[in-house]
Amino acid sequence: MELSLQTWPKVEDYLKTKNTIIIPIGSTEQHGPTGLIGTDYITAQKIAIEVGEKTNTMVAPPLCFGMAFHHMDFPGTITLKPSTMMLVLLDMIESCYTHGFKKFMFINGHGGNINPTATAFCEWKTKDTDTTLQLENWWRLPEVQAYEKIHFGDENGFHATCGEVALTMHLEKEAFKTIPKTQFKIERPKYSMPMAPKEFRKTFFDGRMASNPGLATSEHGAKLFEIAVDTISKKVSEL
Amino acid sequence: MELSLQTWPKVEDYLKTKNTIIIPIGSTEQHGPTGLIGTDYITAQKIAIEVGEKTNTMVAPPLCFGMAFHHMDFPGTITLKPSTMMLVLLDMIESCYTHGFKKFMFINGHGGNINPTATAFCEWKTKDTDTTLQLENWWRLPEVQAYEKIHFGDENGFHATCGEVALTMHLEKEAFKTIPKTQFKIERPKYSMPMAPKEFRKTFFDGRMASNPGLATSEHGAKLFEIAVDTISKKVSEL
Amino acid sequence: MELSLQTWPKVEDYLKTKNTIIIPIGSTEQHGPTGLIGTDYITAQKIAIEVGEKTNTMVAPPLCFGMAFHHMDFPGTITLKPSTMMLVLLDMIESCYTHGFKKFMFINGHGGNINPTATAFCEWKTKDTDTTLQLENWWRLPEVQAYEKIHFGDENGFHATCGEVALTMHLEKEAFKTIPKTQFKIERPKYSMPMAPKEFRKTFFDGRMASNPGLATSEHGAKLFEIAVDTISKKVSEL
Amino acid sequence: MELSLQTWPKVEDYLKTKNTIIIPIGSTEQHGPTGLIGTDYITAQKIAIEVGEKTNTMVAPPLCFGMAFHHMDFPGTITLKPSTMMLVLLDMIESCYTHGFKKFMFINGHGGNINPTATAFCEWKTKDTDTTLQLENWWRLPEVQAYEKIHFGDENGFHATCGEVALTMHLEKEAFKTIPKTQFKIERPKYSMPMAPKEFRKTFFDGRMASNPGLATSEHGAKLFEIAVDTISKKVSEL
Amino acid sequence: MELSLQTWPKVEDYLKTKNTIIIPIGSTEQHGPTGLIGTDYITAQKIAIEVGEKTNTMVAPPLCFGMAFHHMDFPGTITLKPSTMMLVLLDMIESCYTHGFKKFMFINGHGGNINPTATAFCEWKTKDTDTTLQLENWWRLPEVQAYEKIHFGDENGFHATCGEVALTMHLEKEAFKTIPKTQFKIERPKYSMPMAPKEFRKTFFDGRMASNPGLATSEHGAKLFEIAVDTISKKVSEL
Amino acid sequence: MELSLQTWPKVEDYLKTKNTIIIPIGSTEQHGPTGLIGTDYITAQKIAIEVGEKTNTMVAPPLCFGMAFHHMDFPGTITLKPSTMMLVLLDMIESCYTHGFKKFMFINGHGGNINPTATAFCEWKTKDTDTTLQLENWWRLPEVQAYEKIHFGDENGFHATCGEVALTMHLEKEAFKTIPKTQFKIERPKYSMPMAPKEFRKTFFDGRMASNPGLATSEHGAKLFEIAVDTISKKVSEL
C-alpha cells in the first residue's frame, strides 16, 4: 500500500479503520568505494514497502535526504542541516496528523538521522497530541545484528557495512554490475562522533568505517531483507 | 546516471568534465478521484532519469514532498510549509555546489512548488555565486501544452489534468488496474489562487480543477513522456 | 483614503461597510544612470493612492523596501532577504486581517518582489482563512504593455525601462531637473534569472536591462499613470 | 538629499566623501480619536528629510511599519513582530554597509520601536564591524521636551501627545480639516509597559495616554519641527 | 523559596495563593582585571534568593548567560545572540505561565541584557495575556546609585564598577583571596554603544569602563546587597 | 576552577596550556513527590565542579534549563523548546571556541537533553572545526548503574530515581529536612517515549517513573557522587 499509488478516496477509506503510517527516511551520501550513494533511502524505502504489504499498512514516499554533513567531503553527498531536517519531519507529521494518522512508524536507513529525528519527535510532542512516534533503524535491530555477527564478524564495520552493501546488492542488482568486487583492509583509527567533514575524510580516507564490504553478497542481502522486514512488521502490528 | 546508484569515486570522475545536476522535485498530494497521490514526484523523477540518460547527466534522488497546502483538505496529501521547502532546496543546492556542481536543472511536477522554488533561488543568489539555476515545469512546456490542446482541448483542466493522469498511466500501469475509468463533468467555478485548504475543497469538491481525466490514456502518456523528455533534454544540453 | 491620514474611528467606520485594503509595495534600488532609486515604491504608492481615490478604498503606507539583491552591486540599493520580506508581508496581512480586512490588493512596482510575495501569500493561506490576496504588477498589465509597445517598441527593455522612467518623470518632475537627458545604446547580452549581484553588474554594466530610458517623457508618464490607475481600479472594484 | 530621488551614480559620488546615512523609522498605528495613523513615520520622515537638507546627508526612504502590537485593538494599526522588525533593520544596515555607509543615524517616531531597534543594533555589532549606529527619538530630545513642558505641561501625555499631534498638524494640514478639534479629559490609570492589545485598550479606551491633543496647534507643530530638526542636525554633524 | 529546592506538590500549593515568580538573569563575561567572570549572574541570583526569602516568593534558577558580545574579545566571556536570548526568555515565561504564574519579576545583573529582555517582553505581549513583566536592574536602582555616588563618586564607572566588584567581594569572599587588590587609573575615552568586540577592547583595553574597582570593599558590598534587596523586595510586594 | 570565579587574565593564562572546558547542563523539572525540581542541574553542576577540581579543568556555569516538555503537566517545570536549547548550546560552543577552547566535556543531568544536545553537536560540526564534543550523562555511566543495581535493584526506576534523589540528598541536605521520607509502590505502565505533557501525567500520575525514591539515602548519594566524579574525571583526562 504505497501512498503514492493510491487515490485520495482510497486513503479516506483506509483511515476509517486504521491510523498507522509508515514513513521511510534515508540519506543521499557516500558509502565507500563500492557502495551506492542512495543506499540509505533505498533500503529504508524497500523495507518499508514490503512491511506495508505484509501488514496492510500505508507507506509514505521516502525522504531521500537526511543529516549527512560528516560525509560532505566525499562528492555526491547531499545533506540537510539538522535543523532543516527537523522542520521537514515536523511538516510531514503535521500533515498526516491532520488527516487522522495517529501512529507513525519511521523506518530509517541512516545513523546520522537518529538525533535530529528524535529531537523532531520531542518538538512535535510539545503540542500535547495523542500520537505514537516510533523510529526503527533497520541495521540496529538485534535480529539483523545477530546475522551480521555470524556472517561478517568484525569486518561488518560502522559505515559502508557488509550488511548495507549486501542489502543493496539484493535490491539494486543492476547497479552493482559495473562495480568491481574488492576486498578491503580494515583500519580502526581512533575517533569520536560527531565528526566534521574534513575530520571524517582524514580519519576514514575512502569513506568506509572499519568495514570490508567485499564480504557482501546479494544472497546475504536477501536474507537481511527478510529479517528486517519480518522484525519490523511485527513491531508495526504491535503499535 | 542516477546519483543514488553511483559510488562516490564515480561522481568524482563525473565532476572532472561536467558540472550539471538534474534535481526532480514533486509533491505528495491528491490528484482527483482517479489520479495518483504520487503523480507529481513520479512524473518529475521518471522524466529526470530519462533526460539524464539521454544527456549523460547526473540525476539526484527526488524531493517527494512540496508545497501542497491547498490540497490539505483531501486525505493523503503531505505538504511542506513554503519556508521549509525553501530551506530544503537551499541545503540541496549548497551540498551540490560544495562538490563542484554549478548548473542546476530542477525538473518540477507541481505548480505549488514554483513560487517557493523561485524564491529559494533568489535567496541562494544573495551569496554571489557563479551558479545557473533553472526550473522546468514539464506540464508548462509549450510542446506539452500543444499536444494536450489537440487531444484534450478544454477538458485538460488545471489539476488532476488529462495530461498528468495520462503520464502516470504510462509510468505506473499496475496502479491503475484497480482504478475504475470514469468520465467527469467539468465545472468551472470562479476562484483565485492561492487558495486555503477549505476554500479549495469547497470550490473543487473532488479535487479536480476543470479537468476530465477520463480522457487520459496510457498511449497519450507515452507520447507526453517522449515530448517532455526531448524538450527538457535539449534545454539541459544548452545549459 | 490614505490609511496614514485617517484616525482610528474613521477606519472603524470604513470597516462597517467595506473590507478591502490596497497595499503598495516597491523597492529601493538602482534604476540605471538616469532613473530614480525610489522608482518602484514611488510608482506603486502613487498609483495606489489614486486607485484608492477613484474606488473609495483604504490605502496602506508603502513598503519601500523589497527583494533587490541582484542590484546590490550598484550603490544605493537597499534590499530585504526574500525570507525577511515574506515575514514582513505576513505581519502586515495578519494585522489587517485582525481588524477585519478580508480583500487585499497589493500594487507592486518591482519584479523581484513577485516570487517572495506569492510565496508569502501561500504561507498565509496555510491558516485556512477567508481572505483574497491579489497581486497586481502595474508594468505587466496588458494595457500598460500595449502602450509601451506602440511608443517605445523594442527599446522599452526590462529594467530602468522607458515606461518606469517616464512614470517617475511625471510623478517626480523636480528630481529630473538635475538629471541630463541621454540616449542609450541597447545591448542584449544573454542571461538567466535570478542573477547574483556581481553577475548582474557584469552583464548589465550601468544597470539598464536592454532599455533606452532616453525615450521616456513626462507626457508618456502621465498617460501610463492614467492607464495603470484605470486598469487596477477596475480590478479593485471586482474584488 | 533623498536617496529615493537620486540615481546610483550620484550615490557613488556621495560615498567618495561621506559615509553617513539617515534612516527614518516610524509606525502605522492609532493616535487617539484625533491623531493620524501615520503620525510616527510621517514625523520621522519629514524631520529626516529636513535634517538631510541642512546637513547635506543622504536620507533613506522611511520604514513605515514598526513594533505596535499594544495598539492592535484599535483598527488601522499595522504592526511588525519585534523579531521581524529586527530582521528588517539588519537587512537595511547590511545593504548600506555593503555600499560603504559606516555611520547610521536612525530618526525614530515611535516608542515601541526603541527596544527592537536597540536589540537589532546589538545583533549587528556581533559582526565586529566599524559602524556607528545611533538612534534619535525626536520626542525624547530634551529640547523638544522643554518646549512641550512650557506649552502643554501635564497635558502632553505619553501617546497621541500634544507634541506629535501638533507636529502632524503642521506637516499634514489638509488631513486635519475633517477632524473636529476637541478638548479631552485626562485620566491617569495605573499601568506598566509592555502592554498586550486588550490590556491597552481596557486601560486607555480611546487610544490616548494621559494626553489632551486638543491643545495641539499647527503653530506649535512648526516650532517643534524646527527644534527637532536643529537638534538632530547638530548630532548628525557630530557623528 | 528557591524553586530548585522545592518538590512539585509544594509549587502546586504555592500557586493556590500566589502567582509571582522571581527570575534572576545575568551573564558570564569579563569584569576587568580584578572582577569575577560570573559577577552578573551571581549578584542577580543572590539578590533574587534574598528577595524571595523576605517576600515569601518563588525564585527560579538563574539564567547564567546573557547578551555579552561586546566583551567577546576577552577570554572567558560566553554570550548568547540577542535573538537566542529572546527565545530562551520566551520559553521560560511560557513555561511559568502554563503553570499559573502571572507576575514576573526579572532581577537582572547585566546592562547588555536590557534590550533583548525588553524586546522579548514585547514579543510575549503579542499573545494578549494577562501577565505583568517587570525588569529590575539592581545597579540602576536610584537607592544603589545614591550609595555609589557617595562612596565611589566618579570612579564607580560603567563596567567592572566599584559597586559590582564590592558586591561580589561580599558574596564570594573566597574567590577574591587570590586576586591582588589594585588601584586603577581611570581613562574616559569617547565611545558610543553598542560596541563590537574589537571596538570595545580597543577602547577599554583591560575591560574596565572608567572604573577604579580598587575602591571596592566587602563592606561596601554588604551594604549594597542590603539596599538592593530591600528596594526590590518592596517592588515585588507591590506587583 | 569555576569559570565564574576567575578573572579574564586567569582564563587567558589557562588557555596558554589547556583547551578543555567542562559545561554542566541540567533541567528545572518535577522529580516526583519527594525529589527536588533542581535535581538535574544541581547534580550536573556539583559533579562538574568536583571533576574540574580533580582534573584542573575550567568549569562553565550551568545551563539550568533543558528540554523538559514531557514534565510540563507538573507545576514548577521550566522547559526550553528543543530548537531553543540547540541555539543556546551552539552560542555557548561558539563563544568558547572563539577564545580557543577545543575540547568540550558536557556533563548532563537530564535524559531529555540528550537528543537536542547531540543534534546541536551535529549542527556545530557542519562548520568543519577541529573540536571534540563529548556528552557524559552521569546516571548512564556503567559504574553508576552497577552501584544502583546492587543497592536499589528494580526499584531505581527511570525518573525521580533512587540514584538521583540520593545524590541530591547528599548535595542539598537542608532541602530534604522538610520533605517527609516515604516508600512508594511501583507501577510499570506501558509507554513509549517521547511523551506529550498530558500523556506523561496520565501514565505517571505523581511524576515518578517506576521508582521508589524512598530507598534513597544521603550515604548512597555520597557514594554515587564519588563514582560519577571519578569516572568522568578519567574521561576528561583522556580527552
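The letters A, B, C, D, E and F name the chains in turn, as written, and every chain counts its residues from 1.
Heads up, the rule we're going with is that a residue touches a chain if its C-beta (ideal position, glycine included) is under 8 Å from a C-beta of that chain, and two chains touch if they have at least 3 such contacts.
On a predicted model such as this, the values are computed, not experimentally measured, just so you know.
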| said: According to the touch definition, list the chains common to the neighbour sets of chain A and chain E. | reply: F
| Of all other chains, the one whose Cα centre sits farthest from chain C | F
| Which listed pair, A-F, D-E or E-F, reproduces A-B with over half its contact pairs identical? | E-F
| message | Counting residue numbers used by both copies over all numbers at the interface, does the chain C-chain D contact come out same (over half shared) or different (under half)? | response | same
| note | Distance in whole angstrom between the CA centres of chain B and chain F is 48
| remark: Taking each chain's centre as the mean of its CA atoms, chain B sits from chain C at a distance in Å of 31
| said: Using Cα averages as centroids, what's the distance between chain A and chain D in whole Å? | reply: 56
| request: Two or more other chains in contact with one residue: find those residues in chain E. | output: 81
| field | Chain contact graph, described as a line, ring, star, complete graph or other shape | value | ring
| How does the ring run, chain by chain, when chain D comes first and chain E comes next? | D, E, F, A, B, C
| Which chain B residues qualify as touching chain C in the complex? | 67, 69-70, 81-83, 86, 112, 115-116, 118-123, 125-134, 192, 194-199
| Footprint of chain D on chain C - complex, ascending | 2-9, 11-12, 15, 28, 30-38, 41-42, 60-65, 72, 74-81, 84, 87-88, 91-92, 95-96, 98-100, 172, 174-175, 179, 207
